[in-house]
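Following: one structure in structure tokens, then a few remarks.
Chains: A, B, C and D, in written order; residue numbering restarts at 1 for each.
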């Protein structure tokens, strides 16, 4: 049995485990004020080419979204997202739990469009009754999106311009950011993201860590008493070193980028394999998640040997499934998969 | 420099790191539905002698308190705690953030008294205006308490009886539970706790794990759709295996109890040392945290060589400090400390 | 200047003011436990032909929506509404403020469709990942809708059947219920609504009262400790008599129905007038709100003499405006309006 | 039967009802943007001698407390109150429902002490772990207090000084403010309150209105988009005129002060009567609420003819009851009461 079910099916990159073991008996202060967190933050600031970046480590993606959105927004504000945005439907209402509305814009292969965004916010400001409405207070995008697609640099610039026009921060969910940055077809770099976004996070959980997301505030815009607010949401861990050591390792010798690139290489092999076998792609994804339309009959065959992710059922005879590669995917697994397609 | 600052200054027990490495490349499903979580849950049910126990793994203590309290309470209910209870002042209002009030009872060396508890709840039910008041909906105790003290079995029985009298669940915060169970002077066992409490948690973060608390619902009383509610609070991690492997290791071959006992042995040595040197204890703690009154002059001396935890300043010339031992404390560290006392 | 701006531009029906004066010096208990509330509840139960109905009085519509939705839903549940539903965009996020998501379904002249509703909920239950999603926990409809349209009895029956199929309560926002019940073209009665809905409210603010909405739970399904929860949301008023006297008056001698019918008579005159003058209706409304497309040039003329409600701007040269009649509209006002159309 | 049960047992001062009737058919805009609200605000600014005061009208006291506290506080802040403060126990957790903690200070006949307040806040800022704690963000006092007592001007000045020292706003709950201002023994005026407090409210519900509290922000410190936030809490009423007309009437020709003085005159007669009859006062109240210790036997006698408010049972043979006068209390009622004491 070989698994392409998700990019979080295995533990951590071995170098992370080694480093956890090496540093295990170093006594440190708690709650993120340790030397490993400091070192990791410094390396991330450098990688972002953003010396003023303020970096914080949280445990997971939904948690990061809930903490960032609820601390950046004023209480009468909501967040705008694509209708396929992870915060819209797949986080159990974590944003609403903090009291905030998620506005949903049309999605285009998982992305929002700058013009539609502009029109939406303009509509709010043009509405005579908007004092009775939630104010748009943030734009949320994911990159790669939930469909594995990527914004071009130009698209990000245009979305960023809309945000600045209305003085609304742009927040980028980078749960799979590494896989986006190392895509063969992207023109977006980490410094670009740091420059264009007001806050974003660099995903660890799905890119080689046991857990952890590095939140980066890029414009001297960290919410006041942010540590207290993290604690208030139950998201502050006592042994902050667990996150510090992991990110310090990921940002040493470009490990984060190297393992992300490996996952992309594997995804491209997978794409070629699927194309050669005549499969229909649900959409064209340049990252580590590939969505493929398969007849249910064929799927039953494949699933005897391969674990894949269920996505949706477009009709009664077909299924869209997701094949995900990761830092841990091997050539052998791709070859094994080839046997059953 | 030697540190007795807290019980979370180091990484994890080495056996945990080994086991994380051994299992690292085993593919598993996400969100806690993996084989390691299953195995750990089974072992915890056995250790609790409570076959019907429903076990869940969360990342940290404040998170566990917030999730348990907010999911067990109805929205018009509050939780009763000692005025020194961790949820009362040291969790940044995480309980209130979920909309619930914390009622504070007098503390007696960190503990609440069953008679005072009874009188308090009776007072509520006797108040003609109680429809205008938050209803008492849960009793929260910590064991060991924030002062390292322990409830006797009799005290727990009596508190449990009050809870049952008013049909209110009893919730025990066991962030340091191992150190309580292995105290030389306790008569309370893990099965006792499973029997007497409606829900409790077995702390991992402060007892040998990198992170993690095992929440145990003992009376077929898990809140409905609990996984969804955990996710809603941003507390569900994708690689649930990180918690499963740790607790599976801690509950294999009694490791949890063995390392807790070691911390207690070290604490008893520390106590003897401090007693022999003529120090004044702030109170008599039978667990791994020792609170000592020290003159500020002496403290400045000690702190050149030893990290301790600041507790409070009873007057302008003295300080109460905390010495904490843990699974990781060594005889050498105690001996080193002896030089400076 | 004559005003058709809204149905809340004037005070209360004179009989209400008289009754407030008559009862002014009768001493009563507070918080809704007075004789006037009791009498009003009894009359409403009779009018609903629902002896088991549990009636509560709140001050306003947004408040009623927020209180009902947040007390009926479990915390991991959301409410389904039409994309034009008042709770979706025009209540400043009052539902989200209580922690709940509003799911938006397509609207058809302000109404949701039973088949689309069924498909939506079915989709949720068929989604393998729905443990990570907010659960649909209530269906919200407004009757009349925000566009003045009405559900037929058959439409309500079919929506109710979907709700029962999935065991989800149906909540009807009746802020303008009187105007719906007295429409010339409805086949829905108040007893029908009490039978088909799990909870609904009878609007007072827009139908002759100074303030007040009567919430009716029809199925022995009042949330537990409802008074406490009302208080918790700041919605319990000390002088409950203010609401009791008003609803007691409205439900004496069919006043509520009589004044609603008057508003409908006035609306029909208005419709005829607008039709005769060749105006284009935005949609066909059988109630007291009429939406008309007017050229901006003409609108500027009209607004010199007539106050109307702005609705939306479909293009740069036209505006949709609302003409609303109420219990207070007079023939003279219609005649005055005729001069300027 | 004569009633001294509370100060909200009757309707409104007749002049208010008259004015509601007179203005009933004047068409106005909704949501508080009407001429009556404007006029009332102007008169209140004048009465406060505070031209920059920003005045808003809400319906009730708990609502006003919840709206003011939750909009003024940052989300990681809590509010400090006396342990007898209304927000602490008698508002069903309305403050906690908005996510904020209520810190309780010792009460002295219902009042907090400036020195204890200073020490408390100082303790917070001196605590090395205060990043893990809710921050004190507001001081709440009630005047008169829940026991009918009053702060002297000097006490208010000293509390205000502590607030300014720590840059924390002072909020005064004036649900019964009129009765405080008209007390025979106060040296505090309405302009004093406007000067010393950052925000306060002038109670209408208990001082002659059907409902309504006038919130006054005195330092150009209204929370941003306050109307939207009021709506978000379900506290914005469509017919704002209901509140505007009432407060406009109360602040015309000093009606508010005149009727408050009447209630005080009645309370002083009541006090003299009780004193002459040898009753024991629970404490010395200079306002319209009088708390008296009565044997249960005597109380049973009295209650056959007189409705009083239950306060507490200090022992098994006695009860503390409240006698409340109001704008509506008559000499005849006092005389009637005299017969049964």
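We take it that a contact is a pair of C-beta atoms (placed from the backbone, for glycine too) under 8 Å apart; a residue touches a chain by one contact, two chains touch by 3 or more.
Quantities reported herein were computed from a predicted structural model and do not represent experimental measurements.
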Shared interface partners, meaning chains that touch chain C and chain D:
A, B
Which of A-B and A-D has more C-beta contact pairs
A-B
Relative to chain B, chain with the most remote C-alpha centre
C
Counting only Cα atoms for the centres, state how far chain A is from chain D in Å.
50
Could you give the separation in Å between the centres of chain B and chain D, each centre being the mean of its C-alpha atoms?
42
Whole-Å separation of chain centres (CA-atom averages), chain A against chain B
33
Which positions in chain D are in touch with at least two other chains?
75-76, 91-93, 97, 99, 131-134, 228-229, 231-232, 236
Seen from chain C, its contact residues with chain A in the complex are 75-76, 78, 89-93, 96-102, 104, 128-129, 132-134, 310
In their complex, what parts of chain A are in touch with chain D?
31, 70-71, 74-76, 99, 131-135, 224-225, 227-229, 231-232, 236
For the chain B and chain A complex, residues of the former touching the latter:
3, 5-6, 8-12, 14, 17, 20-21, 23-30, 59-67, 91-94, 97, 205-206, 210-211, 228-229, 231-239, 241-242, 307, 328
